[in-house]
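Presented below are the structures under discussion, each in the form of C-alpha cells.
Common to both upcoming complexes is chain A, partnered first by chain B, then by chain C.
Coming up: the complex of A and B.
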C-alpha cells in the first residue's frame, strides 16, 4: 500500500515527503527560488500517412478508441472539468477501461466533481490506482481517510500545465469532452447543447498527450469554427449521445450572496480598491464566481460608474456580471478562464471581446510570463489565513480535503492579492495562528478583508499608505484574530492529524509546498 | 430545598434547533432522572475544535441550575457560548427544573448610556429567537438594534427568546448601536421586563399601545426594577401605536412618561385595524403618520416611522424614507441590513440643504455680532423660525456625518 516515506522540511518549514508515487520530489524552496532548466516535454512524432487524408478520424465508440490508443495497465488518463458537475465523459472513459480489464490507472483530471464519486468504486476495484487532481466531497473524504492506494497530488491550474510541460506528468491518453467538434478533431466549447464556454483546461492535454481522443455530442462538418483544440493534435473522434447534463454544466444564473455579512465583505473589498487607487482608468481585475466575488463585482461596477472609470480587461470565472460590464462599456475585454453561466456562454460564443484563455496564457509559471501577474487586483477566497498572511484553500481546518487549488495559487502573483473571507464560520475562526495546510505563502497575500475589518500585510507599506486617512476599517490581523477568538469562546483546539501523507500540495513551480495528512 | 417536589414534576424537555439549514444554534434534549449523575452526549459540527469546551460548559450550566441527574443530548450547529447557555437553561426550565436560578454568561463592557435625543435614523430588527443574526448586527452600523420578543417570535418560543435575548444583552458587543428591546404586548411584556431590565437595555419599545395607562404601567415597572437592581442609567421608552384608537390617544401616550423619547407606528397592524391595504406611497396612513409626528413634536420627542417590508426594492425604500423625512419623521425601522445605508441617506439632509442652512446660520451669527435685529441673506429677510430650522439642520448634518 503506502510507500515508506522520508520527510524533509521545506523552505516554508513544512514537512513534505521526498518521494511521491515513486517519483523523487524537490521540497519547496521559496517564491521564485527554483531555477528550472532543460527543454519542454514533447509528444511523439507522428506522420500524416497514418491518418486519413479526408480528415475523418471518427471511430464507432470510446472503447475502440481506447484500444487503438494502446490503453494498458498503469497508464495516465486525463480529462478536463469544463463540464463541471455535469460531465459524463470522464466516467464513460474510466468505466470503458474497467470493462477492458485495465488496472492501476492514474486518473489526471483538471478537477474532479461530486457527481464523479463512482470513481471510488473504480479505486476499490483496482481500476484506478490514484487521482492526481483536485478532490472534494466524497472523493476528498476517501483520500483524506487514507483509502487511496497512491498519494494525491494537488496542483493549481497553472501547476498542472507546468507539470505536463516539464514532463513531471506524462499523459498517455487524453479524453477531451467537446461540446462541438468536427471529424478532424477541431473542437470548441461555446456551441452545442452541452456548451460550456472556454476549453482552456484541455489545451495542454491536447498538445502533450501521446494519444488524444475527442468525444463530442455535436459533430459538425469540417471546419468547426472557432476551434480551441486543434484537430492536428487529435488522434480519434468519437460521437456520443450526450457528453453531459446541461443543467449541471452551467448554472442558469449565478447568484450573488444574500448574506448581509458577506455583502459587507464584498463592499469593503470594492471600497478598498477604490480608496487605494487600484480602481482607475485602464486597470484590470480578476474575481471568481463565488457569492462574495460576484457581489464584489456588482459593488465595484457601481463605483466605476460613479467615478467614470473603465477597465482595460477583466479576468474570470466569467458570469453574467462580467458580461454586463462588457456591454456597459466598463471593460474593453473579458479574458475568460472558465465560463460559469448561460449569459457568459452566450457572450463568449458571440462577442469577439470575450476571449477564451488557457492555463498557458494565464497561469503557467514556467513560461515567458503569464496574465495573472499582470492583473492589478485579484479577489480570492480561503478556508484559513494565518497571522503571517499564509493562506489555505485545500483543506478544512480539521485537515479534510475540501477544495482544489484551481487558479488560486497562480492568481497570488497579481499586483494586489485580496482574500475576501468571513472572520469565522460556524464558530470556527478563519484567521488562525498557523494554517492547517499551506497553499499560498503570505509574502504574496497583500490584503485580508473580513466583515470585522481589513488587514493589510505589513510588507505592503504602499497599500497601507494609500488608504491612510480613508474611513475604511483597517486593523491589524492580530487584532481581528483576537476579537474573533473572544467571540468564539477561546482558541479552537488543534485537530489531531495522522502521520501518513495522503496528498501533497505542489507550488506553481512543481516543488512540494505542503502535505495533506490522513484524517480519522 | 424543593428538590423532592421538583423531581416529581420534572419531565423530559427540549430547546433550540438543529439540522442541515440551521447555523449558530443548537438543540438540547434533557431527560431528568433520579440518580446516575449527568450523562451528556454531543454531536457538533465543530466538535474537533470546541467539543471539550462545549461539554465543560454544559456541565457548568447544569451545575449552576442545580441539575444533578439527567440525560442530556446536544446537537450543536456551531453555536456561540452565550447561545449554548441559553438553550440549556431553556430546556432545564421547560423540564420544570432550575427554578429561580440563571446561568448567566460573562458580561461584555456596558456601553455608554444613550442620550435622550441621539440619532435614531435606523433601528435593525433582530428576531429574538434567531441567534445567528446577533453577533454581526452592529457591523452594519444601524443607529440601533432591536432585540425583538414580540411578533418575530412564535408564541411557543417566548420563554426561549427571553433567555436568549437576556444572554445576548450580556455577552454580545453591539458596538455603537443603541440597544433596544421590543417586549411583548402587556401583560406578557411585564414578565419580559423582569427578566431583561437587569441587563440594562437602552430603550424599551412597547407594542400595541392604545392608552397612556399602558405606558405608565411599563414606566412604573421599569422604575421599580431599576431601583431594586440599583440601576442609575436611563432606560428610555418608545411606544408603538398600531391601531386607530392608539392614534386618537397619541399625545396622551407620549406624555404619559418623561422617559418616552420617541413615538412610532406599526403600519401592518394599523392598516389591518382600518381594514385597508398597505400601499407603496402610504396614502392610507398619511393621517395617522401625521398625527404621530404632530403628537411627538408637541411632546418634544422624536417621531419615528414604521418599517418598509420589501427588502428587494431599494428605490421604493428610498422614496418612502425621503417622504417620511419630509413629513417630519427622524428615522424608521429596518428589517434587513441592506436597508440601513438607504435609510441613513434618506434621513440625512442633502448637501444642497446643508449648504443653504450653513449660509443662514452664518448670516445669523454675523447679524448677532453686529448687533442687528434683522437677519438677511442676499436680498432676503430671514425670519427667526427659519434660523432655528437651519441651526437644527446643521446640527443634524454634523451628527449624521460621524
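Coming up: the complex of A and C.
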C-alpha cells in the first residue's frame, strides 16, 4: 500500500525513507545542522468585500461550510486536540465529508485520541487516505499494522507549526472546535460548557489554512473576549449542540501518582533540581500532567517554600498544582500550552498571570528563538531511554506506535532536560541498549531519574560537578540498566518488525529522525 | 525631482499617477470593486540555531543592531507612532543610519509628528529619500512644497497593514519603540515610564519585516506580560535611557471642547444617534480623541444613562471618558487601537475588558472582514466635506498636506458614518463644492453634523426616515453650505496648485484614490 522508497541512513544512523507520501525528504542531519532557507508559507489574500459587513459568518451546518469551503477529494483537513479524548468536532467533520462522498483526505490533527477510533472505518472506506499527526492508542496501532494507505508523519507540537509555516503541509480546510466564539469567528477556549483552556494548537491552522471553519457550542455576541483565534482569519462559523464531552475534555482533577516507586522518582527529580542549584530565585521549569510530573511539582513546591525560592515562570500543561503555586506566590507566571484540569481552566480564564501560549511562542524551531530553550529544567517521560541517553516516546519496546510526540522534542532544548521514568514497566526494562524508535537525540537529554538512581549524561560535567558531594543516588546509566535487567530477567526481546515504513518521526527542523516499521 | 509619470482618471474622476516611486499603480476602481488576487507577503524563514538559546537578544546600541540587521542604502525602515509627538526612537534610528553613512532610505512610519521635523535635514542630506506614511505638520508641509525626492504615500492604518501584508511595501528593518520589553523581544506598551497603551500599529512590522529591532527603556525579566509584540518575531533588543517624552506620549487628561459651537455639534451628534435608534442596547460606536468627539461621548453617555441603554463595545482611541463608561457599566468592552490619556493607559494595563486591537483586527480590508464594518456608528472629523458627501482629512483648502489619514478611511465602513465638523474654520467654509483631496468617497459618508444643522446623505433614506418627526435640525447639505458661504463671504479661494504630484492617497484596497499636488 505505502510507496516503495529508497532508504538512507541519517546522521543518527537510522534508516529513513527518502520520500514520504510522495514528497522528497531530507534525512536528519544532527541537532542544529539543517539550515533552512526560503520564505514562510503565504496564505491567500482575501477581501472584506467577499465577507459579510455585519461580521456574521454563520452557516447552518458543517456540511454547508465544507461545501462552501470547496472541499474536494485529496484535500488536507486539520483539527486541534485541545478537547482531547472528549472531542466530537473532528469526527463530525470527517463524517460530513464522508456523506458528501469525498475520498482520499489527509487528516492532519494536532493529535488523535482513542475516542476517534472510528476514523479507522473512514480509512477503510477510503474517505481518509492517511493521518499526519500524533496517533494515540488504536489509530497508532492501526498504523503500526501497516493498514494505513499513506505513511504516518509524527511531529512535535513545534514541528507541526514548523511544517505548516514552512509550507511542508498545506492545510486546505481547518476545522476549529471552539468552546466559545462569536459570529465573526473570534474564538476562546477558556469559557463555555466545553471549556478546554488554551487553543494554541489551532493557531497555525487559523493563520495558514486556505479556509477556516470555527465550530462552537457557545456562541456569544461579538466580541468574544479573549480571542485566542482571530475572526479575521475565519471564513465560516457553525453552531452545534455540543463540541465535546466535558468529562473527557478536562480531568475534574489531575491525580498525583500513589506508586511508591514513582513518588520516589518524583522526589529524586525535585531533590536533584535543588542540589544542582537549578531551583533558585527567578528560575523556571516545565513538567507535564502525568502522575510522576504532578508529584514532582508537589515535592518541588515544598522545597521552594522551605528554601524561600520563587520561580519567574512555570510552563504548563497546567494543572491545579501549578495554579496553587501561582496563588501561593511561588511563581510570577504560568505560561500555558494546554490546560489539563478544571482548576487550571478556571485560572486561565480569569487570571492575567496565567497566560496562554502557542507552539509559535513556545516550540517552533524555525523562528527567532522560542520559549523552550529558555526554561531552566524540564521534566519529561519516555517509553524507552538508551545507554546513550537517546529517548523514545512514540513506540513501545514491541515496536507498536501508541503515542504522539507532543511537546517532548521541543522541550529537550531546555537548559536541563530530565527524563523521569520507572526503570521498568510490566517487567520490561525502560533503559535499553538502543531505543526502538529514536525520538530525541541523547545529546539533548541530560539526566535520567529512575527509582533506582539518577544517571547524568557524561556530556554534562557541569551537572555532575554540581551534585558532587550531595547524598543523591547518582549512578551510571549502564549500572542502573544492568540492575534492571537482573530484575526483569534480561534485556527486552527485540520486536519483530517488518521492512516497511508505516510512519516517520520528524525532528523539530522537519528532517526525518527515524522510521516506525510495520509490526509483525 | 520626483518621477515624470502619466496620469489617469480613476473611478472617482481624480487624476492619479500610474507609477509611484517606481512602482506601477492601479487607479481607484470604486468601493469594493478591486479584486485582490495572490498570496500574502512571506517573511524569510529563520532558525533557532541562529539565535541565542538563553533568549537574550540584547545588543549594546542601535547602531550595532542596524549593522547586524544588514542596513544598506535604499532600504525601507519602519517605525510606529504610538509614542506620538513624544517619540525619540525613530529619529534615533534615522540618525544612527546617517552616522553610518547610509543614504536613500524610505522611511515608513505609521505616522510622523512635528517633533520629528529634523527628518527634513535627513531628507536634505540624502539619508532619507522619501517618507511613506502619515505626515502631520512640518513634514507634510515640506512634502507639499515638492521638496521630497520621492512621492509621499498616504495610507490609512488599515491600508498600511494591507500594503505590508500584500507585499506592496517590504520592510527591511523595523525599529519598534517598546515601553516595556524583555531581552527576548516580547514587548508591551501599557507599562513603564514611557507607557503608551496599545502597540497595535507595530504588529505588522514585527510580523513581516526581515529584521526587527525592539528598543526599550524598561527592560523586565522574561516574560514581559502581556506581549503585544512577540519576541519570536524579534531579532535584536536595545536598551536606551529614554524612548520618549512621557508628557508628549500621552495627554495627562484629554479635554472636552469649550467652544459653544463645537459643544452644539457634539450634542447634535448624540441626539441624532438617539433619535435615529442607533443608541440602543447592545450597540457600538467609535469616536476619536478630539474635542468634539470627547464632548459627544459625554453627551451620549448621559443619554444612555437616561434611557437605560448599554453598549456591547466601544472602540478607542481610548480616553478617560470611555474608561468611565466601562466603569459605569455602560459598555461591556473597549476595543482599543490607541490609547490617548493616562486614565486610558492605566485601564488597558489592568482591565481585561479594555482590549488592545491591531489594524489587522480592526481595519485591514484585505482580510476576512474586520471590526470597522461591525460598528453601529462612528464619529469622525474632516478638513473638508463636499456637497456629494466626499470627505478630505489630509489637506487644507489651501492644498497643503498637513494631516495623516489615520483610521479615518477604515472607519467609513461603519453602519453609520457621521462627520462632526464646524461649518467653517478661520472664516473658511468646511463644506465645499468639491474636496481639495478626496480621502473618503461620499457613498460611505452618511451624515454631516455641523453647528448649523444635520445633513443626511440622500442615499440613506433609512436614516432620513428614522429621524423624520424629530426636532433635529435636519437640512440639506447645499442649504448649510449656502448659509456658511454667506457668513464667510463666499466660497474658499481655489488653492494654487502645481501639476506635480507630491503625494498620493491610497484607498483601503491599496488603489490610488487621489493625488496631492505641489503647492504654489
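What we mean here is this: the second predicted complex is superposed on the first by the 520 of 520 C-alpha atoms of A that agree within 3 Å, B and C clash if a C-alpha of one lies under 4 Å from a C-alpha of the other, contacts with A are read in each partner's own complex, and residues count from 1 in each chain.
Following the convention adopted for this analysis, a residue touches a chain if its C-beta (ideal position, glycine included) is under 8 Å from a C-beta of that chain, and two chains touch if they have at least 3 such contacts.
Computed from a predicted structure; not experimentally measured.
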Partner chain(s) touched by A:458 [first = chain B, second = chain C, both, neither]: neither
Touched partner set for A:282, first chain B, second chain C, both or neither: second
First, second, both or neither for A:364, with chain B first and chain C second: second
Which of chain B and chain C A:74 touches, first, second, both or neither: neither
Partner chain in contact with A:13 - chain B first, chain C second, else both or neither: neither
Touching partner for A:235 - first (chain B), second (chain C), both, neither: second
More chain A residues in contact [chain B versus chain C]: C
Contacts on chain A seen with chain B and repeated with chain C across the two complexes: none
Contact footprint of chain B on chain A as seen in their complex: 260-261, 263-264, 397-398, 425-428, 451-452, 487-490, 492-493, 495
Touch list for chain C against partner chain A, complex: 32, 34-49, 51-55, 57, 165-166, 184-185, 212, 221-223, 225-227, 230-235, 282, 312-313, 333, 335, 352-353, 355, 360-361, 364-371, 373-374, 413, 415, 509
Footprint of chain A on chain B - complex, ascending: 23-24, 45-46, 48-53, 57, 77-81, 135-136, 139-140, 336-338
